[in-house]
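Same chain, two partners: subunit A is paired with subunit B first, then with subunit C.
Coming up: the complex of A and B.
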């Protein structure tokens, strides 16, 4: 197992390299000179030239990349031009909001998605199955921003049960914070709920048709035991991978959700950065998100190996 | 002597994309105590479904029992099977790799049978599991219980499956093509194991195979099935000496004889008929070399000859 983890960790290195390279090249490919954009149309030519020199934009692309790589590896993501602050510290400041939002959304998705998928599979072709399948499809198809606004209109403006926007005030107690996260988490979670429900259903159906389930019945085991010990455990193994991958989608979805609900998280930061052409901020954030994505995948892979004896045993110390 | 298991006129109906067909279609046979009955027939003849119907495991979404009855020790088995599975009646399946849970240790998969039926603890159950595995020729069972199915060889997996079925000393063991997925050498070992089981335990066996030569090594009596129906029931020695039904005759003459390599391998002309629209009269008549006019018009009943039963017009009036 330790060997497997070590091997997977080493594999991260080239991936990281290519992510950094890609982010760098994308920023290079965006039309327009960042120095010109940053200084605005009224800037004088010599100011632009000086600024280009400052940013290292006058050097060959390869040298620029090496300089960029060096800075990134020492944890320096540059300085935001609009906030006049280190990009990394800006990101870390906003990170807890986004992480909380994503985890709450994931929690909702798991708690609703997995049981409904299981029920749909067990009551296959019933009305309940149809309901779950249709709702899951709706969940996957609904645009987050639209659903978010519907939630605000319904629960905040019409019913007045929950606050519409913002982060809440810690001095008003825990409920104030929690209540501010309910609607955004629902809006963000619905996509993953649909995906997880559909995937759980098909995985469970596949497992229920396996020969070893028939064996379990032939052994005379109780139905609940067959479903839990034999069917569910096997069916959830691939679901775990999907859940892990959802975290990536949730980070992307957070951009929309945070904008709709005016939550000061990474997504909002990114959108602000883009609108205000804060080139360093966007570059830093894209890289940071990509790195999170890589590590989430790493953790999922390791978790998968841990529950799958076939992988676990093949790396057993020889 | 009363039969242990009596299958009477069993019919299972399947619906596949609108079409309806029956296999088995009116199958009857009996298994006595301590007897091994071989069920032989081509794929699609309804052998496996017969076994699943006895176990009460015909997939509900696909098929259902529409006629006949199954009696176990004189009681309607369909009503009590859920209390007997794993204890009094157990089953070994064709493909041992797919039939074992891939993510569970073998020991646990076996011990849970004892835990479920006898309320034993894992620690007590595993002692019995190791004992049965040892009896069935699994080397180092103490270590093997800690392994997963993919760490077993094909033959060992099937031994583990058989051990699983024998844990509670069942009255009836149903083995559905237990050797088909194995190498020939391993096949011989597993057949040997079934012989040993037959001699040492009081368990009756229903041994299903498409291979008459495999069945002949174990079974006391053979039930030959064709296109959902039984065509001949006979003690195993007599069926080889003199097969009665033309289909059985064809099956026996198509067994490869290694000593006569020069003669061309014999086969039965034609194909297995579609069960959605089966032939009229005797279902074998389109392929039969000895068909008569009546064969395509009327389905024959069973004619008995000594201790044998055959469903063929050739034997009308023979015996009683």
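Coming up: the complex of A and C.
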């Protein structure tokens, strides 16, 4: 196990390197002089020259990259020009909102996705099975920002049950905060619900066809015992990987959900940054999100190895 | 087999309707996309001869949706074209030759795949600037790594087949083997994956335009229509409902078609 964890950790290093390189290169694609673009049209020529020097833009590209790499590795993501604040601290300020939203969405997706996948597998080719298939297809075909708008129209404007936009007010109690997160989480959650349901279904079907399940039936065990003790436990192992992968997508999907529901999270910060041409901020955020994504995948892989004895053993013998 | 065909037929029907709408837009649209009907601003569906109502400028929503299909399909075709072409080149080179080139290409795709899909497209648009051309480019480039991955594994599956080895042993050049034996055999995978990605491209365009980074008003695109609609959810919910439905139905069509084609052409891809 330790060997496996070590190996996965080492594998992350080149990926991180390429990710930093990619972010660096994307920002190099800004047409024209970045210093000019960053400072805006009113900047004087001498200011631009000074700024170029401060950013190291007068040096060769390779040196620029090494400087960037150095800064990033020490946790310096630059300064936001519009917020006049360190980019990393800005991100950390907004992170809780986005993480809460993503986790709530994931929770909804799991709570709906896994049971419906199981039921669909057990009642194969039934109406319910068809419904799960359709739900899965809709889940990947629906624009989540539109689904968010539909939820707002339905549940807050027409029915008036839930608030439409913004964060709750802590002074109004817990419910006010929770209620503001329900619709955004639902909107974001649909992205993953279908995928999780579909994956649970196919994994469950595969397990139900295994010999040991037939043996369990032959021994005369109760059906519920077979399903929960024998089938489900094994069927859910691969589902964990899918759930982990979803978390990364949800973090990105939060950009859209936050825009629709006016939630002050990472996504909102990024969209504002783009429109006000705060490239430092955008660059920092893109890198930050990608790094989180990589580490979430790493944790999922390790968790998977921990749960699945097959992977553990294959590394023990190496 | 019959059930599979049903899927393909269903998906294709939706897509053909879309293509039909895009080609014959001037004949189908009941109004001009830019004409403002001042007496019927925010008209509800059916009012004043506007089948799906009008928007905040009194423009006919139905006609704008019909013309919007042109943008969606154009972005889909070009973006998937870019992704499929570059991805296939990289995937074939990587899978066929292996070795150092393979490692290099795969590390690079790894890095690009470490970015959430939407995020990378947004970041590229932030740098390139808004607009139709840049949107197609950004969405296409974002698709390259996953195409490269899928094509690479398809190539690796067949490069050690006997007919390929036989061709090589008879002295066929790499170019000959690639174009005569490898490429024709990975086309089914390419078709399936392109169809599934088409839906992704349509959603991505809508997403970018919704954020204001893609197609700019007054050009009617489903995403930009939704972007305008978000300010009028209270007074004119129909402005938001219909463009979203158009996106949903179109993407469903491509996803259903892709699923059906996958089951028919390459059952191994099924997970």
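Throughout what follows, the second predicted complex is superposed on the first by the 312 of 318 C-alpha atoms of A that agree within 3 Å, B and C clash if a C-alpha of one lies under 4 Å from a C-alpha of the other, contacts with A are read in each partner's own complex, and residues count from 1 in each chain.
Everything below uses one rule, namely that a contact is a pair of C-beta atoms (placed from the backbone, for glycine too) under 8 Å apart; a residue touches a chain by one contact, two chains touch by 3 or more.
Note that the coordinates shown come from a computational prediction; the quantities given were computed from them, not determined experimentally.
By the touch criterion defined above, A:214 lies against subunit B but remains apart from subunit C after alignment on the C-alpha atoms of chain A.
The wider contact with subunit A, measured as residues touched, comes from C rather than the other of subunit B and subunit C.
Contacts of A:143 after superposition on the shared chain: subunit C is touched, whereas subunit B is not.
Within the complex formed with subunit B, the subunit A residues making contact are 124-125, 210-212, 214-222, 225, 229-230, 233-234, 237, 307-310, 313.
Put simply, subunit C touches subunit A in their complex at residues 107-108, 110-112, 114-120, 122-129, 199, 203, 206-207, 210-213, 223, 226, 229-230, 233-234, 237, 240-241, 243-244, 247-248, 251-252, 255-256, 259, 271. By the touch criterion given at the top, residues 55, 57, 61, 82-87, 90-91, 93, 95, 98-104, 112-113, 116-117, 148, 150-151, 161, 164 of subunit B touch subunit A in their complex.
Within the complex, the subunit A residues that touch subunit C are 14-15, 18-19, 21-23, 26-27, 29-31, 137-138, 140-143, 145-147, 149-150, 152-153, 157, 164, 199, 202, 248-249, 251-253, 255-256, 259-260, 270-271, 273-275, 279, 282, 286, 289-290, 293-294, 297.
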